[in-house]
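Look at the two complexes coming up: chain A is in both, with chain B in one and chain C in the other.
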Partner chain A sequence: MTAPLLEIKGLKKHFPIGGRFNKKGAVKAVDGVDLAVYPGETLSIVGESGCGKSTVGRLALRLMDSTEGEILFEGTNIAGYSQRQMKPIRKDMQCVFQDPYASLNPRMTVGKALAEPLIVQQKMGAAQAMKRAEELLEVVGLRASATALYPHEFSGGQRQRIAIARAISLDPKLIVADEPVSALDVSIQAQIVNLLGDLQQKTNVSYLFISHNLSVVRHISDRVAVMYLGRVVETGTKDQLFNNPLHPYTQALLSSVPEPDVDGKRERIMLRGEVPNAANPPSGCPFHPRCPHAVDRCRTERPAFREVEPGHSASCHFI
Partner chain B sequence: MPEAILEVKSLRTVFKDKHKELTVVDGIDFEIGPNEVVALVGESGCGKSMTSLSIMQLLPRSAEIAEGEVRYRGRNLVGMKNKEMAKLRGRHISMIFQEPMTSLNPVLTIGMQLTESIIRHLGVSKVEADTRADEWLKRVGFPEPARIRREFPHRLSGGMRQRVMLAMAMSCRPDLLIADEPTTALDVTIQAQVLDLIRELLKESDMSVLFITHDLGVVAEMATRVIVMYAGQIVETTDVRSLFQKPMHPYTKGLLNSTPRMKGDIEKLIPIAGSVPPAGMYPPGCRFADRCPLAEAVCRAEAPQLREVVPGHRVRCHLA
Partner chain C sequence: MNVAVSPNNNTVARKPKNRAWERFKANRMAFISMFILIGLVLVAVLAPWIAPHDPAEQDLLNKLKPPSADHWFGTDDLGRDLLTRVMYGARVSLAVAIFSVIFNLLIGITVGSLAGYYGGKTDSILMRFVDIMLAFPQFFLLITVVTLLRPNLFNIIVVFVLFGWMGKSRLLRGQILSLKNREFVDAARTIGMSDFRIIFRHILPNAIAPVIISATLQMGSMILTESSLSFLGLGIQPPQASWGNLLQSAQSLTIMTKAPWVPFIPGFMIFLTIMCFNFIGDGLRNAFDSK
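And now, the complex of A and B:
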C-alpha cells in the first residue's frame, strides 16, 4: 500500500473559554482525530455545523495551531513548523473555501490574483506568470481574456472556478476544499463537482473535501469520515459508508437527506434534540443523548473506534 | 373546484429607480387551494422570494408591484391600506423565513414576541395569551415552554429559533403559511425535524402552504403541486408526481439531472451550461434558450407562452 500523503494522528484543538484569569474550560472543537489522505484520492469529512470538520481542514493546512497531535505531510510532522518552515510546503497544499466572494481580493484583477502565487513561489517573471494565468483560466473553463476583469464581474460559480484555478496553479499535491459548492445553485454546483473530478483525473491531486452535503459527498469521494462533536465516529470507503452505515449517527444522517424522488418510501430515523455543546460534551459515548439505541453502558463508557471490516471503522458498542 | 385561498394573477414586480425599471417577477399566475402545499422552486435570482414578498405586501422600498392582482379569499391585497394588511398578516397569512435570527427581535424575550400577535389578533388577555403560547411551544417540541418564553433569541440554536418562528406563525391558526426556504440554514437532522413538524401541523388543520425552496428533495417530500420559476417567469407547473416522473421543460430536466442523489448508481452529474442571465439582460426569445441543449431557431426568435400540454401540466416551451 502506498504511503499516505497526509496523515493526522490524535489531532486536538481546544479553544479556551473566558479570559486569562477566569478560565472556564475549553471548547473541544477537535478532540482526537485520526485521518489519512492517500495520493490521488478524495477523502470527505462530513458532519453537521460545529462538529469540527472545518477546524480539521484549517489545522491540516496549518492556518491555525493545533493543541496536540501530529500532522504528517509526506511523512514529515509539520504540526510544530513555523510559518517560515511552512512556506516551501504551502505550494503543495492549497485550499478552496465556501465563499468565493470572500476569498478573492476585490481590488485585484483576476489575472493578478492568479499570477501572484506563481511569482512568489515559482519565481516567474510577471509576463510569464500572466500567460500562465490565462492558461489556468482556460483549464477551469473560463476565457483567457478574463485576466483583465475584477472579481465582481463574475457570477458565484465563475468565481469559484477562479478560486480553483488559483488553488491548482502551483500543481499542489493536496487541496483542502471546505464546502466549495455549498453557496452555489444546483446547476452550477454540478459544474464545479465535475470540474474537481476532471482536475483530479488529470493531475492526480488529492482532495480533503469538507462538506455537510451528503449527496455531493457520495458523488465525489473515494472514502468518507463522519465527524460528531470533534471526533470521527465512522470511516469507510464510499460504498461501505453509504450502503452499510454502522454508526447510529451515520444512519440517521443518511436517512435525513430528502431525496428528489416521489416513489420509494424511506425509513427516516428521527433524532431527538440537537448537537450538545462542545464545551461540555456528554459522558460516555458523545452521541448517547440523541441515539435511538442508547443503553446504560453508552452513558458511562466511551466506545472504542474499531475496524469492523477492512477499511471500515466505527465507534459504537453495538457493532 | 373549491374556492382558492390565494390567487395570483399576472403579477409583475419591478425594481425601480429614477432612470429605469427592472422586472424581476414577470407575469406570474397561480392559485393555492385549501390544504394544498404548493412549492415554488428555482435558483437564486429567479424571482421566487420576490413573489412571496409581493403576496405579503412586504416588498423593499425600491420595489413595487407594477401590474396584477394578489387575491386572498377574493380580496385584492395589491394597493390595500397598510392598516388593513396588518390585520391579515400573522392572523390569516403568516410567513417564516430562512434566517430566524433576523426575524426575531434580539432584545425581546420569546414570550413577548410570541404573545404580541396572539393578543393583537385574537384579543385575548395576557394570561390567556401566555397559555396559548405555551401550548404552541409544546406543539413545536419544547417540553418546558414556560422556560423558553423567558429566553432571548440568541440563547437558542438555529433549529430552536425556527421552531419558535413556526409557533409564532401558527399561533393565530392562519389559512395560509408562506415558508421561504425555512430549512435551508439548518443541519439535515434538524431539517428533518422541522419538515416533520410542518407536515404534522398540516395534518391537523386545513392550512395551505406556499413553500419556497431551491431544494428538490424538500419539494418531493413536502409539496402537492410544484411551480418551477426561471428568470422571473413560471416555466413549468404540475402536480408533484408528474414533475419528478415526467418533467417537460428542459430547465426542470436540467435541474433534476444536476442534482446528486443518495440512491442508485453514481452517474456523472449533467450540469446546465452557463448561468442565469441577470434581470434586464434576458434574451429576446425563450429566456432559457442560451443554456438549453435542445434550443432551435424558433426558441431564439419567439418567446414561448405557458400552455397546458396535458391536463394540469403547463409548460413554457416551444418544443414541449
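And now, the complex of A and C:
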C-alpha cells in the first residue's frame, strides 16, 4: 500500500473548563484519534453532533492547536508547526466549510476571493489571478462573469460551488470538507456531492469528508471512520462498514438510515439515553451506558481497538 | 452541469458600499449636513484669503457694532470683525475635531485589532490599560494636563488624542471578537495569509462601520470639549480665535445685553457644526445598518 497523505496518531484536544484559578477539568473533544487518508481516496468521519468529528478536521488543518498527538502530512509532523511554517503546506491542504453563507467574506467580490489564494501562495499578478478565477468558476459550473458579483447575490448551492472553487484553486492534495452539504437543500446536496466526485476523478485529490449524513457518506466514501465521544470506534472500507457493521454503535447508526425498500424489514435499534458528557466520560467502554449488549466487563475495562478483518477495525469486547 | 448565475445576467454588480451611499443620500438631513460641513471646512481652509478683515485688527471706535454691510456679523468688544474671527475660529475648532479624531482612530483601531484578534494575554494587558484610562474623569484630566502643558492648538490635539481613543478600541475589539471565528476568516487562514492581511482584508472591512459612526459623532463632542476648555480659558488663548474663546470673551453682562450677536454667533456655529456631525453620524448608521 502507498504511504498515507495524512496520518493522525493519538490526536487529542482537551478544552479546559473554568478559569486559570479554578480549573474544573476538561472537555475531551478529541481523545486519542488515529486516522489515515491515502492519496486519491475519500475518508469519511461520521458520528453524532458533538462527537469531535469537526474538531478532528480543524486540528488537521491546524486552525486549532492539538493537546497531544501527531499530525503527519506527507510524513512530516506538522502538529507543532507555527503558522509561518504552515504556509508552504497550506497550499496542499484546503477546506470547504459547512455554512456557505459564513465561509465567504461578504465585502469581497467572488473574483477577488478566488484570486486571493493565488496571489498569496503563488505570487501571481492580480490580472492573471482574476483570469484564473474565471476559469475556476467554470470548473465548478458557474459563469465566468460571476467574478464581479458579491456573495450575497448567490444561492446557498452556488456559494458552496464558489467555496469549492476556492479550495481547488491551489491544486491541493487534500481537502477537508466539514459537513459541506448539510446546510443545503436535498436536491442541491446531490449536485455538490457529484461535483466533489468529478473533481476527485480529474485531480486525484483526497477528501477528509466530515458528515453525519450516512446516505451521502455511503455515496462518496472509500473508507469510513465512525466516531463516538472523541474516539474512533470503528473503521473500514465503505462496504465492510455498511454491510457488516461490527460495533453496536455503528449498527445503531446504520439502522437509523431510512431505506427506500418498503419490504426490507429491518430491526431498528433504539439507543437509550444521550451522549455522555465529554468532560466526564463513562468508565470502561465509553459506549456502555447506551449499549444494548453491555455487561459488567464493559463498565470496567476499555475495549482495545483491533483489526477484525484486513482494513476493518473496531473497539468492542464482543467481536 | 452549468448552472445559471442569476436570472438577469446583465445586472451590474453593485458594491455594498455603493448601496450604503445611496441610503445615505436618501437621508435628507444627513445629506444637507454633509454639504454644510464641506462648506464650513472650505471657509476654514480659505479663511486667510476670503476673510473681509484681519482677525486681530482692532477698531475701538467701532466696538460692539451690530451687523452692517462692512461687518456682516458685527464687531466684538475690541472692535474686531466678528465674521473674520468666526472664520478663523472655525479653523481651530475643525482642526481640533478632525485631527484628534483621525489620530484617535489610528490608535483605537491598532489597539482594538491587536486585542480582539490575538486575545489572551495581549487582550488582557491592552484592555486593562484601556480600563485604567477610562477610570479617570475625562474632563478633569483634560483640564489638569492642559494646565501643565501650554494651552495651544498642538497641545490640545495631543491631549484629545491621548484621552479619546479608548472607546474606539473597545468597540472594534468587540466587533473583531465576533468576526474572528467566522468561517471566512478560517478560510483565509487555511490559505496561509499573514495575520496582517487577514485583519486588513477580511476582518476590518466587516468591523469598521460602527467605529466610523462613533468617530463622526466624536468629532461633534471634540468641538464641544474644545469650546468648553476655551470657555474656561484653558483652551486656545486670545488673540487667536476659537469658537470657545469667542464665547468666553462675550460672557460679560454688558455684552450679552447690548450686543447679543457677539455670543450668539459663535454659539450658533458650535451648535450648527455639532448638529451636522450628529446628523451625518445617524445617516451613516442607517446607511451601514440595513443589509
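Details
The criterion applied here is as follows: the second predicted complex is superposed on the first by the 315 of 319 C-alpha atoms of A that agree within 3 Å, B and C clash if a C-alpha of one lies under 4 Å from a C-alpha of the other, contacts with A are read in each partner's own complex, and residues count from 1 in each chain.
We adopt the following convention: a residue touches a chain if its C-beta (ideal position, glycine included) is under 8 Å from a C-beta of that chain, and two chains touch if they have at least 3 such contacts.
Fair warning: this is a prediction, and the values are worked out from it, not measured in the lab.
Superposition of the two complexes onto chain A shows chain B and chain C fitting side by side, with no clash.
When the two structures are aligned on the shared chain, A:40 is found in touch with neither chain B nor chain C.
Look at A:63: by the touch rule set out above, it reaches chain C but stays clear of chain B. The superposed model places chain B and chain C at 80 degrees from each other around the C-alpha centre of chain A, with the value given to the nearest 10.
When both complexes are overlaid on chain A, the residue A:158 reaches chain B and chain C alike.
Of the two partner chains, neither chain B nor chain C is touched by A:276. Using the contact criterion defined above for the overlaid structures, shared-chain residue A:214 touches chain B, although it does not reach chain C. Once chain A of one complex is fitted onto chain A of the other, the partner contacts of A:49 are limited to chain B, with no touch recorded for chain C.
In the superposed pair of complexes, A:191 makes contact with chain B and with chain C alike.
When the shared chain is aligned, chain C comes close enough to touch A:117, but chain B does not.
With chain A used as the common frame, chain B approaches chain C to a shortest CA-CA distance of 5 Å. Under the contact criterion defined above, the residues of chain A that touch both chain B in one complex and chain C in the other are 157-158, 191, 194. By the touch criterion stated above, chain A contacts chain C in their complex at residues 58, 61, 63, 83, 86-88, 90-91, 93-95, 97-99, 102-109, 116-117, 120-121, 141-143, 145-146, 148-150, 152-154, 157-158, 161, 163, 166, 170, 191, 194-195.
Every residue of chain B that touches chain A in the complex is listed here, in rising order: 43-44, 157-160, 187-193, 195-196, 214-221, 240-241, 244-245, 254-263, 266, 268-272, 275-276.
Against chain B, the residues of chain A that register as touching in their complex are 48-49, 155-158, 185-191, 193-194, 197, 212-216, 218-219, 242, 252-262, 264, 268, 270-271, 274-275.
Within the complex formed with chain A, the chain C residues making contact are 1-6, 9, 12-13, 15-16, 182-184, 186-193, 195, 197, 201-202, 205-206, 291.
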